[in-house]
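Here chain A shows up in two complexes: once beside chain B, once beside chain C.
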Partner chain A sequence: MAKPTYTQGNSLSKDAWLRLSRNRAAMTSLGFLLLMVFACFILPLFPIIDNPNSTDLNNIAAPCSWEHPFGTDQLGRDLLARVLYGGRISLLVGLVATVVALIIGLVYGLISGYIGGRTDALMMRTVDVLFALPFIVLVIVFSLSIEEPSRNLTAAIVELTGWRRESVAPILGLVPLFIAIGALGWLTLARIVRTQTLEIKAQEYIMAAQSLGLGHLNILFRHIAPNLLGTVVVYTTLAVPGIMLTESTLSFIGLGVKAPNSSWGTLIKEGADRMEVSPELLIFPAAFFCLTLLALNFLGDGLRDAIDPRAAKD
Partner chain B sequence: MNVYAFLAITLSCLLTACGDRRSSSERFAQDGILIIGNNSEPQSQDPHKATAVADGKIISTLLEGLVRPAPTQDGEVLPGTAERWEHNDRADVWTFYLNPSAQWSDGTPLTAHDFEYAYKRLLHPQFAGKYAEMLYPLLRAEDFNKGRCDWEQVGVKALDKHTLQLTLSGPTPHLPRLMLHFTWFPIPKHKVEVLGGMLDRRSLWTRPENWVGNGAYVIAEHRFNDYLSVKPNPRYLRAAEVKNRGVRFLPIVNGYTETRMYMGGKLHITNNVPPEMLAYAAAECKQDFCRDPYYCTIFYRLNTSRPPLHDSRVRRALHLAINRSALVDKVVRGAGTPTVTFTPPGAGYSVSAATEPNTQAEREALARQLLAEAGFDGGKGFPVLELMTTSRDVQRVMAETIQAMWEQVLGIHVDIRSCEWTAYKSAQQNMEYDISSSSWSGDYLDPATFVELWRSGGGNNCTGWGSAACDAALESARATGDADERRAHLQRAEELMLRDLPILPLYHSERTYLRSRQHVNNWQPRLLDNFPLDAVEVKP
Partner chain C sequence: MIKLIFKRLAQGALVVFVLETITFFLVRMLPGNPFLGERKLPQHVMEQLNSLYGLDQSALSQYFNYWKNILTAGDFGPSLVREGLQVSDIISAAFPVSLWLGILGMSIAVVLGIPAGMLSAWWKNRWPDTLLMFAAMLSICMPAFVIGPMLGKTLGMHVPGLSVAGWDNPLCALLPALTLGLINAAYLARLTRGGMLEVLSQDFMRTARAKGAGATRQLFVHALRSGLLPAVSYLGPAFAALITGSFVVETCFQVPGMGLHFVNATTDRDYFLIQGLVLCYGVLIVAANLVVDLALVALNPRLRTQGAA
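Coming up: the complex of A and B.
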C-alpha cells in the first residue's frame, strides 16, 4: 500500500512570491529599481561621484568623457552626479508622499467603510468634492502656504542638531511638497479601501469576531486591515509613478526643489530648453526617469497579478 | 446624414487642413501683419500703470506723444501730435502747437487738455503712478506728486485747444527726447472720465472694446497669455504712412521656446536669443541673427532695509566676490560687457567706481576681510538670504553661478527663488525680497534715465536706499543748462550711489534676437529698442 505523500502547503504570501518570480517583466523591473535605489542613495556616499553643485566655468557643456561619464551641464557641473542626486529627490518624493497618502487614505477609507450609513455618505461626498477640485492648483496653493513654516523647521533642525545646512536643506525643503502631494493624493485610495472594507465587513469571520465581543479597533486593524494588504500594495506601486510625475510637473513650473539642487523634473526641463545645443542634458535624465516609471508600472502590474489572481486581466 | 456624406465632409476638412502648408509667418506676412515676440504678458496698456519694456512697446503703437521717434536715426525726433514747438532762450519754457487735425480713434478732436489731463493723472498723489518721476522735469511736478502743492502751480498749461505750454524746473534742451517715452503720451480724457474717472486705477478704458487712442494702431484683440494684436487706426494723423497692416505681440518668456518658434516659422522678429543658443542660432539662421548694442544694464538690487544688507560692508563684500568677467564669458557667452558701474558708458559720460583692487584674487581677499569686519568671519552666522529672479532661464543660470561664487569666496549660502513675472514685479515694488535680479533699459538716450533711478523714494528705486547728497546732485543736474556741468552732476550722483552700493552692477547687455530678412524690411536696430513699428514693411 502506497504511503500517502504530504506536500507542505504554501502560505498565501509564498504563493504570491512564486507567481511574481515567474513574471519576467516584473522581476527585471524589481532588479532595475533596486539598482536605481542603490545608485541614487548608496553610490553618492562614495567619493567616485562628484559634488553635484560644484560649478566649473572652464568646463561648461562638456561632452561625455571618463571624468564626466554623462558630460557636464551649462555651469560645468557633473551631469551623472546631478542625475543621481536628482533621482534621490524624485524617488524620495515618490515614496514619502505615497506613504503620507497611504496612511491618510487607509484610515479614512477604513473608518468610512466600517461605520457605514450617514457617516459613510458624508465622508464619501467630501471625497467627491475634493476630487472635483483641480489637483495641481491645490498642490501649488498648499505648498506655497506651508513654505514659511517649513523654512522655520529647517532652521530649527539645523540649530538643534548642528548639521550643515546645505546637507539638510535639500531634503527638508521638500517637506511642503511631501505634505501637499500626500495630503491631496489619498482620495483614490480612500475609495478603494472603503469598497474593500464594505466587502470584507460582510464576511462570516467578521461576524464571528463581532459575536465574540471584539472591540471595533481590534476588528478594524486585526481582521480587516490585513486583508486589504494586497490591494493596497498594488495600488501603492501604481501610485508612486503618478506622484513622481506630479513632482516633476511642479519642479518643471518652478515650484518643488530649489536651485542649485535638482530633481529629475528640473533636469528634464533644463535639458529640454537646451536640446539642440547639448542633447545629453535631456537624454540622460529623461532616460532615467522614463525607465524608473516603466519599471514601477511593470512591478505594480506583476504584483497585482501575483497577490490578487482574481483581478488579473487574463 | 448617411455615412458617405459624413466621410466626404471629414475628408474634405482633412484635405483643406493639409492644403495650407505655409507657416504662420508666411501666412501673416501675406496679410501684411508683423508677428513679434514680446517677452512677457503685458501688465497694462495704460501708460500711467505700465512699467515694463514689453508694455512700452505695445503702448507706443497705440498712443502718440507730442513728438515721435524718427525711423532713420537714434535719438532723432520728428513732430508727432504737435506740428511744431518753440522754447525760450533758457530752454525752460516750451510751447507745443498741436496739429489741429489730430483726433482720437473715435473721431473726438484731440486737444491740449488731453495732455494736461494725462500729466495730472500720472502725477496725482492719489493715483500713485510708479513712473511719475519721468515728469519731474516739469516745474513743481515733484511737489504736486508728493502732495505739497496744487495742480495749478505745476508747469503744465493748455493755453488753448491746440497750444500746450510746459514750464520746466530747469533748462532742458533735450526735452523732446524725453518725450519719446510713453509717460508723456496723452490719454483720451472724454473716455477715461466716462469709465471711472481720472483716479480710478482699475478703470476699464484700456480694454479692447473700450479702447480709444491716437497712435498708428488700435487694439484689435487681446487673448490672455496668447497674443495681443493691433490693427491700423484709420484716424491716425499719418495713417497713409503706416507701412504694415497690423502687429501681433506674442508674450513668450522663455527665449528657447521663442527661438524654436522662430525656426518653426511662427514669428517674424524675436525678443531675445538666450546666451547658450547664440552660437547655434548664428549658425542656423545666418543673416537673420542680429546682435545689436543696447542701452541696458543687468544688476542685482539689494534690499538695504533688511539686515545684514543694511551694512554697506556686507554689500561691498557681495559685490567684490562676483567674478564678472567669468560671468560674462561663460554664462552670458560674451553678449555683454562686464561692469562695476551702473550707467552704460557713452556720449562722454563715464563714472569712476570706488577704488578697488584689480585682480580677482585681491578682490576676493578684500571681500572676505569686509565680511569679517561686519561680524561674519568666514560666513559664520550669516543669515540665509533669498535671491529672487524671474523665471527666465538665463537669470536662473546667472543666479546659480553667483550663488556658487558667494558660497566659494565668502562661505555664505543664498536660496534662489524664481518667480513668475507679475509676482516678481510686485515683490520687487513692495520690497519683499533680499536680493533681486534686475535689469534696466534706458527710457531715453541720456544717462539721467539710469541715474534718476536712485533718487530717494523713487518709484523704481525699490532698494530702500537714498542719500541727500545724491538727491542734491540730481537736483543740480536738473537745474543747470550747461551740458558739461549737467553731466558732471549726474556722474557725481552715480559715484555717490556706487560708494554705498545699494545694487551690484553686473554687465551691460547686448540685444541678441532673430529677424526674418525674408519678411521684414526697413527695420533698424535701436539703442533703446524703440524702433517705430509702423515704419516696418512686411513682405510676403
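Coming up: the complex of A and C.
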C-alpha cells in the first residue's frame, strides 16, 4: 500500500520569497545591489583600489587604461576609486537617513493608530501640515543650521575618546545630513504604518490579547509591530532611492556632502563641470548612481508584489 | 463647495505660517552671518550693520517685527547681501522666469506623460507597455542633474539656437524646461497607467466594448475622465517637485529664477531673502494644492458630497 503523501504548507515568508525569486527584474536588482555593496564597502579594503585622494601626476585626465580602469580626473586621481568611495558615502547616507526616518515614522504611526480618536486626528493633521511644506527647502535650511552643533559634537568626541580628529571628522560631518533628511522623510511611512495599525487593531487576536490583560506596550510591540514588518520592509526599500536622490541633489548644488567626503552627487557635479573635456567623469558616476536607484526601485516593486500581493498593481 | 474652499484656505494659511516660523528660527541658527565678505569687517562696522537691519535685537522681537512689516506695510525687508535691493524686487524679477520655466516644463510633462500612460495601459503587459514603463523608470532614476548636463552636451552644443546657460533669449528656456518635463512626464505616465488600468477593468467598460465602442471612444470618452484622477492629484505635489527640480535645473543652466536665488541666498546667509523666498514657495504650493483639489472635485462628482460634509 502506498504511503499517503503530505504536502508541506509554506510559511508566509517562504511564500513571499518564492514569489520574489520568480521575479527576474527583482532578483537581478538584488544581485546588482549586493555586488555594489561589496564593491563600495569591501573592495576598497584591499590594495587593488587606489587611494581616492592620491594624485598620479603622470596621468592627469587620462583615458581608461589597465592602471586606471575608469581613467583619472584633472588632478590625476583614479576615477574608479573615487566612484567606489563616493558610493560608500551615498549608500551610507541613504541607509542611515532611512533608518532615522523609519524609527520616527514607525513609532509615530504606531502610537497614532493605536491610541486613535482625537489624538490620532491631531497627529495626522500635523502630518498633513508637514506634508505640505516644501521638503527640500527645509532640508537645506535644517542641515545648514545643525552644522555648528555637530562640529561641536565632533570636538567633544575627539576630546573624550582621544581618537584622531581626521578619522572621526569625515563620518561626523555627515551627521547633519542623516538627521535633516531622516527627520523630514518619515511622513509617508507614518501614514502607512498608521493605516496598517488601525487595520490590525480591529482583529480578534488583539482583542484576545487585551482581554488577557496584556499591557499596551506589550500589545504594541509584541502583537502589532511584528505584523507590520512586511509593509515596513517594502516601503523602506522604496524610500531609500528617494532619500539617496535628496542627498545627491543637495550635494550637487553644493549644500550636501562636503570635502573631504565626496558622494556620487558631488562626483556628478564635478563631472558635469568638465563634461566637454572628459565626458567619462560624468558618465561613470552617473551610471553607477542611476543603476543603483533603478535596482532599488525594481527590488522595492518586487518586494511589494511578493509580500503584499493585494497592493500589487497588475 | 464654498465651505471646502474656506477650509482649505484656512489650512493653507496655517501651513504657510508654520513654514515661515520654522524657517525664520532655523535661518537664525545658521553659522556665519551675511556680512562675512572677503575682507573681515571691523567690530564697530559690524555692530552698526547689525543695528541698521535690526539683527541686534532678540530673535523673538525680530520675528514679530518681520510679520508686522509684512502685514502692515507689505515690506519683506531688504536684501542683506545685494545692497540697495529689496527682497520684493528680487522676487518680482525672478518669479516670472521660474513661472515660465515651470509652465513650459509642466506642458512638456503632460503632453508626453499622459498619452504614454494611456498607451501603456491599453497595451498592458505587451511590448509597448514594457518599453514605456522601463523608459519611465529610467527617467525617474536619472535625476535632473544627470539629464540636464547630458541634454546640454548632446543637444545644446550641436543644435543652433539652443543655449546651455543664461537667460537672454526665449529659446534659453527650452533645455531647462525639457529637463524638468522629462522627469515629471515619467511620474505622470506611471500614474496615468495605474488609473486607466483600474477604469478599464470595470463593468461599464465591458458594456462599452460589448456595444461596439472603438478604441478611441473607449479611451477618450469612457475611461479618460476617471482614469486621470491619480495623475491630476499628482499635479499639486508635482508643482512642488517642479520647484525643487528647479533648484538643480536653474543651478545647472544658470537661469536667474527663484531656485538659483534661493541656493545663493542660503550660502550667502541673506536672511530676509531666504525668508521671502520660502514664504513665496509656501503660498505657491498651497495655491497649487487648492487648484488641484477643486479640479478633483470637478472630475469626480462623488467627492462633492464628501466635501460638503
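Here is the rule we go by: the second predicted complex is superposed on the first by the 297 of 314 C-alpha atoms of A that agree within 3 Å, B and C clash if a C-alpha of one lies under 4 Å from a C-alpha of the other, contacts with A are read in each partner's own complex, and residues count from 1 in each chain.
Heads up, the rule we're going with is that a residue touches a chain if its C-beta (ideal position, glycine included) is under 8 Å from a C-beta of that chain, and two chains touch if they have at least 3 such contacts.
Owing to the predicted nature of the structure, the values given are computational and were not obtained by experimental measurement.
Shared-chain residue A:294: touches chain C; no touch with chain B. One of chain B and chain C touches more residues of chain A, and that partner is C. Judged by the touch definition given at the top, the superposed model places A:215 against neither chain B nor chain C.
Of the two partner chains placed around the shared chain by superposition, chain B and chain C are both touched by A:276. By the document's definition of touching, of the two partners only chain C reaches A:268; chain B does not.
When the two complexes are overlaid on their common chain A, residue A:31 makes contact with neither chain B nor chain C. Within the superposed three-chain model, A:69 lies out of touch with both chain B and chain C [touch as defined at top]. When both complexes are overlaid on chain A, the residue A:226 reaches neither chain B nor chain C.
Comparing the two interfaces of chain A, the one with chain B and the one with chain C have residues 254, 276 in common. Only residues 254, 256, 260, 274, 276-277, 279-280, 326, 329-331, 384, 391, 393, 396-397, 399-401, 403-404, 413, 415-420 of chain B touch chain A when the two sit together in their complex. Residues of chain C touching chain A in their complex: 11-12, 14-15, 18-19, 22-23, 26-27, 29-31, 124, 137-138, 140-146, 148-150, 152-153, 157, 194, 197, 240, 243-244, 247-248, 251-252, 262-263, 266-267, 274, 278, 281-282, 285-286, 289. Interface of chain A with chain C (complex): residues 128-129, 132-138, 140-142, 144-148, 241, 245, 248-249, 252-255, 265, 268-269, 271-272, 275-276, 279, 282, 286, 289-291, 293-294, 297-298, 313-314. The touching residues of chain A, when paired with chain B in their complex, are 53-55, 57-58, 60-61, 74-76, 165-166, 254, 258-260, 270, 273-274, 276-277.
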